[in-house]
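After this come two complexes, each holding chain A, first together with chain B and then together with chain C.
== the complex of A and B ==
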């Protein structure tokens, strides 16, 4: 096995072009498990943990750029205003895992249960990918193409994710068997976009990859428009409309039965998460918080 | 491959398999067996060490990733026969049964108290969520953390 330890992105991309079989390793919290347990034996590893270009994080002309190499601990400390992302980061593993695990690694693994992924989907994020020939941005849905499958070219590296900053409340929540160290049975990210008067919701762990629920999104935005909620936070949609929203979100799930939960339970969980997330968002708007 | 790491203040060099973890480097190549190997999948925290000051599972760090960096292990907490105040608190509170998880807990607790000298219970539980103990039922470990916090009197360990 060869191990490459480049110091710059250019150097890393040259190596990746020459050795597309070199598997990138960032925090190692997914990959090392596979190596330690002998599930995978790559011909070569490419350490990306020293690349300063991947550790950038912050606002860049109206958008947030989150470098692939930024740990969850850093997301929590440095992007607190991205509430759902900070909440999802807090829900990952344990302190030890959050200190090492990165959003780039979450994208690279592309597990349907990756906690950062519903947030990126609800943000309508682009994933920035680079090869020796340059960088390009792919909408998240074109990057996450299936369970553990991405559109990353063999000679490419993930540079990070980028999204437009939307004003409005939002949250991430997940259902699991306990509070810490769990793989989600179902997870949900809700984002309200005050400028576009739009509702965006994404689901994790209930389909082959992260799913959005466009029908439910349109329904909720219209219900809020009918009730006048967008202009007056105290004017709320009717309870049966919130219920209808929750059912439509659950209807977008494509869950399976597995060791963590049944498909029926997962659907039920999606409805509960959706109901709660919308109520929280409406309460937040009413309280005038988190604009 | 050759890896050079500064462990507990001293530069050490070792030859390891390229896919080896930092835990394997510490235990098998450098003979530092305080960090335990139990799950090798980040679940138990018994291999907790500091890498450039950050609490990590040594089993999830590729040894090559630690090359040229600073590692601090449980062995680095004290010199000679004296125990670190956190270690002493574990003994006094009876927070040790088989002891296998103890080095990882001690490291995680030292890390917690260095950042939060007087943590409340939810904070302690959250900080120790990555460490598993199969023996004690955690109550005495929580007692040990509180005892250590009071021993250290709010000053950073």
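== the complex of A and C ==
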């Protein structure tokens, strides 16, 4: 097995162009496990942990850019205003895993259970991909195309994710049968966008890839508009509307039975998480709102 | 007048001294078995069956042997001695020759220059299997038309206990059905060892195990070597919990080392570890309890079925325990218990912390709560009313002779302070709610519940087996003063026996410097680090050896003193005569003093055909109260507090005792809430720590523990073993609390979120309990031999005299051989 240790992004992209079979490795929290369990034997590894471009993190031109090589520990420390992302980051593994693991790894692995992915989906993030010919941005849904499948070209590397900063409350929640260090049975991210008066919700671990629930989103935004909630945080949608929202979110799930949980429980959990997340967001708006 | 200061010996029994292995383990310098390394060593690998039941048509090893760096590939035909081994019955092939009986069974082994080559070589061995119908359901295994796992049938052992009049009338009856899943010991250290060929034609094996001598008894006959040429040394053990009672890689590594003439290391990865050790038996239990209106138990009827998997392992002893402890720590005047362990084509089950008592405790404690409800009585009061005590008669007819402070553990546990009532909302941190770090709650749909459970089990081995322990102690002096050297084969598996043995030597010999020599087979057997027995057994042996050393030293002292009368004592490095120092101990140690002693527990007797006998040597009891919070919508749980009271006889190292209670509780919590090795058609679906979940610190509540110290007569310092009782009761207490919180029946563990959220009904038996198999009592295993029951030492090579049976069936397998 060849291991490439490029110092610059240009060097890394040259190597990737010459050796498209080289698998990028940053924290190794997915890949090293697969190697150890003999599930995968790549012919080459490309260590991206030294690339400065992948370690950038912060506000750039009215958007947030999160480099693919930024660890979850850094996300928690450096992007606390991105509440759902910080919550998702805290839900990842153990402190040791959070010190190593990166959002780029979640994107590259493209597991529907990747904790950061519902947040990126709810943020309507773009994934920035580079090849020798330059960088381009893909909407998240065009990047995550299936279970463990991405639109990353064979000669490309993930630079990071970028999203417009939306004002409004939101949260990330994940259900597992253990209170820490667990792969999600179901996860949900809700974002309220005050400027666009939009509700965005994304689900993890309940379908072949991360799912949005556009029908439920439109319903909730309209229900909030009808109740006057967008203008008056104290004016709340009716409980039956919140219930309808929850059921529509659950209806968007496409869960299966597997070793971690049943499809019935997953759908049930989606409704519960949706109900709670919307109530929390409405509570937080009343309490003064959170970014 | 001068003030006399009495000399004291620091670090003796009763003190929570630092563990002898604490610093290297905390610093990461302690070498575990998987860290072993030798110059020029090879890496062994194992090829395992993917099928639960198949005939082996042929094995082609040529591809592996042609692979550069591969030094040997061995098949069953290459095993020079006995082809099978086992703890109680030698029914398990070293390597399968004609049939495989579970998915994961070893069929070939090999050795290569490095681990990567070993892994690739294993993939090049081609086994041609004819897949056969498998029986993977324990009830179906008892049907006449079920595929037979072994030629003699699928009954591994049936235990039938009749006590009093099982038809005795009662005022109130309650009935329940219970299931427990397959739990795994999940030791963090995977199976590993290093075999080094010796110039005498023998082998030195460094291995993580629980009992060096019983390993050797199984290994040597398979290698075709006399016992003295197979020398075992304990390597660093990363947890055991029963998983290391059976052999894993021991014979394989030894065979490869002897064949290649080079050291061979085998270290399993995590996935292989799940295939390479036995698991806790899954159980199906039907129970009926009858009581008088005042709450006095009249009768218990129990039908217990456990799945032993493809080979016997310690199943016979496990079903013995499950049956003899089925009625719980209560006076039960009438009982009928039928317990059956069956063979199936599932991976073998065997020893795990609690050893049969865990499964029945889950059932009998649920029954006691049902009974309390039916009678309108307080569940704690009901247990107190029926509590066992010294002189009580057990369903086996055994009279409880040792200490049995059941009422005391119940009262002490119930009196421990409850946690404060927490506000349902506004706790700030999601970790304060069920779901923890997943951030799923601000206090929605939160229900608190409290549950209580009592349980007990045997200390040391049972049913007539004399699992004695030997120890050698040598007292000598060097420039730094006197030092006691303790030589014991007791396996330190992380529980702390080495620290206890050092404390005992200090107390008995009055010296503070103690060296614990590495455990190996160069000293007599210490018996297994199992069954909560080492403190009592090896502690007793070291205490007796120290006493003999002390007496020999006193004889020297008396010879050298003018005043021979008076009481001699050792303390603080001094010899005292009637409390007055007569000189340092070292002054009498021109020559070392040495003694070896063997400790035996009270003899036990096997069960007869009606389950009567005196099966157990001593008992340990525990009670736990669990407080839980359930998110009844998401079905998630936060255990808020565990209150534990345990009968420990006497705490020789209080901190270690509390550690065992906390660790034992964590393992019981795991079975209650998450731990299940999932099998489908005989195959393990979650052989990883990603999907086999064990509790983290975020799942464990604070444990408030009370130690009930009522000394056990005849045990060293009155100490009882403490490793298992907490595991036995924790599962039952936590599920009782979940029932209290949700009102749901919850008759299967682990309880899943679906059960708590009301998405899944209670489990129901698919059929009525299977009738007891014909011929109660132990079923001998033809040709493979075995002593009937209990973990008996193996006998000599059995005679292969089965009528018309091919005496050496393994030789039918064509096979490759070493290069």
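What we mean here is this: the second predicted complex is superposed on the first by the 290 of 291 C-alpha atoms of A that agree within 3 Å, B and C clash if a C-alpha of one lies under 4 Å from a C-alpha of the other, contacts with A are read in each partner's own complex, and residues count from 1 in each chain.
Rule of thumb we're sticking to: a contact is a pair of C-beta atoms (placed from the backbone, for glycine too) under 8 Å apart; a residue touches a chain by one contact, two chains touch by 3 or more.
The structure displayed is predicted, hence computed values, not measured ones.
Name the contact category of A:8: first (chain B only), second (chain C only), both, or neither.
neither
A:269 contacts which: chain B (first), chain C (second), both, neither?
second
Just checking: does A:36 make contact with chain B only, chain C only, both, or neither of them? Give me first, second, both or neither.
In the superposition, A:36 contacts both chain B and chain C.
Figure out whether A:45 sits in contact with chain B (first) or chain C (second), or with both, or with neither.
first
For A:28, decide between first (touching chain B), second (touching chain C), both and neither.
Touch status of A:28: first partner only.
For A:177, decide between first (touching chain B), second (touching chain C), both and neither.
second
Using the touch criterion from the header, give the chain among chain B and chain C with more contacted residues in chain A.
C
Figure out whether A:91 sits in contact with chain B (first) or chain C (second), or with both, or with neither.
second
Which chain A residues lie in the overlap of the chain B contact set and the chain C contact set?
Dual-contact residues (chain A): 33, 36-37, 94, 179-181.
Which positions of chain B touch chain A when the two form their complex?
Residue list for chain B touching chain A: 1, 17-19, 21, 40-43, 45, 48, 54-57, 59-62, 64-65, 67, 108, 111, 126-127, 129-131.
Provide the residue numbers of chain A that touch chain C in the complex, in ascending order.
So the residues of chain A touching chain C come out as 33, 36-38, 87, 90-91, 94, 171-185, 187, 259-262, 264-265, 268-269, 272-273, 276, 280.
Please give the residue numbers of chain C that touch chain A in the complex, ascending.
For chain C paired with chain A, touching residues are 119, 269-271, 431, 434-442, 444, 633-636, 638, 673-674, 678, 685-686, 688, 690-691, 693, 695-699, 752-754, 757, 759-760.
In the complex, go through chain A and note every residue touching chain B.
My answer: residues 1-3, 5, 25, 27-29, 32-33, 35-37, 41, 45, 47, 49, 73, 93-97, 99-100, 179-181.
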